[in-house]
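Per-chain numbering from 1; labels A, B and C assigned in written order.
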Amino acid sequence: MPTQAEVFQKVQTALVDALAVDEADVTPEATIVGDLGAESIDFLDIVFRLEKAFGIEIPRAELFPEDILANAEYVKDGRVMASGISELKKRMPFADLSKFESNPVVQEFANQLTVNDLCRYVGGKVGAN
Amino acid sequence: MRWFWIDRFLEFERAKRAVAIKNISLAEDYLTDYMPGYPVYPQALVVEGLAQTGGLLAGEVNGFRERVVLAKVAKAEFHLLARPGDTLTYEAILEDVKSSGAICRGISRRGDQIQAEVELMFAHLDDRFQGVDLFEPAAFLGMLRQLGVFAVGRKADGSPLDVPPHMLQAVRG
Amino acid sequence: MYFSLIDRITHLEPGSSIRALKALSLAEEYLQDHFPRFPVMPGVLMLESMYQTGAWLIRASEDFAHSMVVLKEARNVRYGGFVQPGQTLTISAEIVKQDETTTSLKAQGELDGQVAVSARLVLERYNLSGRSSEPPELDEHIRRRLRENFRLLYTRPAASSQVADGSPAK
């Protein structure tokens, strides 16, 4: 069972390789999109590298809850409602959604995913301690 | 200049791996000036040859229903310049195919020398490109046949690849 | 020039940065195959236009000292949009670091203010006579031809009448 430090190392390597950034840029608080410059095509690359590095499968909906963000039950006027926030929390228990909650604009959702969120997600899947 | 950067498939294993060759000839018009006084095969066209090898391999997984385009070159390393008279052998290994796209690793060799190595990502054009076709069905099928996809193509059990029925239908009308 | 993937250099700061443009036209025959029903500039030609732009910056910066300026490595080449016939791609490149033989550059191609392609490139420069049994006269010949090609792409602005980017001084 990998340690959290080992998980971070592998996630860091995957992001360095996929995004051509320096290791020093990949801090736990860095946002994948804002700080590391990831674009939508990069997510396919990141997901593949993480799957390979950890021997796991990453169903798209677990990291990219497009179905929730596009659902009229949960979203109104481009903002996610309280019902949607609780769905997101259920789908993504590893993610720190507090910042998003304070300004839940749908377009901004992808921008708030951090390296830490990814580490916690992967860590949860491999049972890291 | 046409836009065919592979000449023929030597191997084509569904969803796994394909090998194609590209002959480089002084008769290719752009070589008269690239580079002036010393013809060399553009490295960008090596990337394209590997992308065509891998892209057709990825496309065949879904019976060529998806519109597969090159979306990212994660990495490309070039070790030597190929020259007229050389034959490059392109090996594409399909790492993964998802609904949004595919990932492939490619190696270009000149004889037993590694000429270049690439990591490519393809995207399947999505609903933003609704109604956009890339190819005319009969010509596309003709191109696949010309390249030998169905002559050398094999499924996992070793049996020959067939032309997808929807493509035959599109051609017959 | 066959296989020139840039049409004009608009801005040149030797040792530092360069801007060029690539106008895409339906007259370019390969577009009939890419794609027959949706003609767009192939991604690898967008890569080639960035490489060529960077190569001219290097050559101009060192007064064409080396006959060969070749692409060694490309990383994180990302495509953000299609370039269609009638559109013009603005390519820019800047030197990130350089040593005796290699130059690392950051490059991108913009279309109407949006980034259509970006990449990190490593270019290597050398003379053939230094690496092979080719005679020095061949390097000299290539360098001369490259200078001629450069003149087709770049008109050096006169000191007083024009600003560095080729536009008339105010």
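We adopt the following convention: contacts are C-beta pairs under 8 Å (C-beta built on N, C-alpha and C of every residue); 3 or more make two chains touch, one makes a residue touch a chain.
Remember, it's a predicted structure, so these values are computed and weren't measured experimentally.
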When A-C and B-C are ranked by contacting C-beta pairs, first comes B-C
Measuring centre to centre with C-alpha atoms, which chain is farthest from chain B?
A
How far is the middle of chain A from the middle of chain B, if each middle is the mean of its Cα atoms, in Å?
33
Taking each chain's centre as the mean of its CA atoms, how far is chain A from chain C in angstrom?
37
Distance from the CA centroid of chain B to that of chain C, rounded to the nearest Å?
25
Could you check chain A for residues that touch two or more other chains and list them?
41-42
Could you list the positions in chain B whose residues touch two or more of the other chains?
71-72, 74-75
Per-residue overlap in chain C, given as positions that touch at least 2 other chains:
75-76, 78-79
Please output the residues of chain B touching chain A within their complex, sorted ascending.
71-72, 74-75, 95-96, 98-101, 103, 121, 123
Can you name the residues of chain C that touch chain A in the complex?
75-76, 78-80, 120
Seen from chain A, its contact residues with chain B in the complex are 17-18, 41-42, 44-45, 47-48, 51-52, 60
Would you pull the chain A residues touching chain C in the complex into a rising list?
19-20, 39, 41-42
Can you tell me which positions in chain B touch chain C when the two form their complex?
1-4, 29-30, 32-38, 40, 42-45, 47-48, 51, 69-78, 81, 132-136, 139
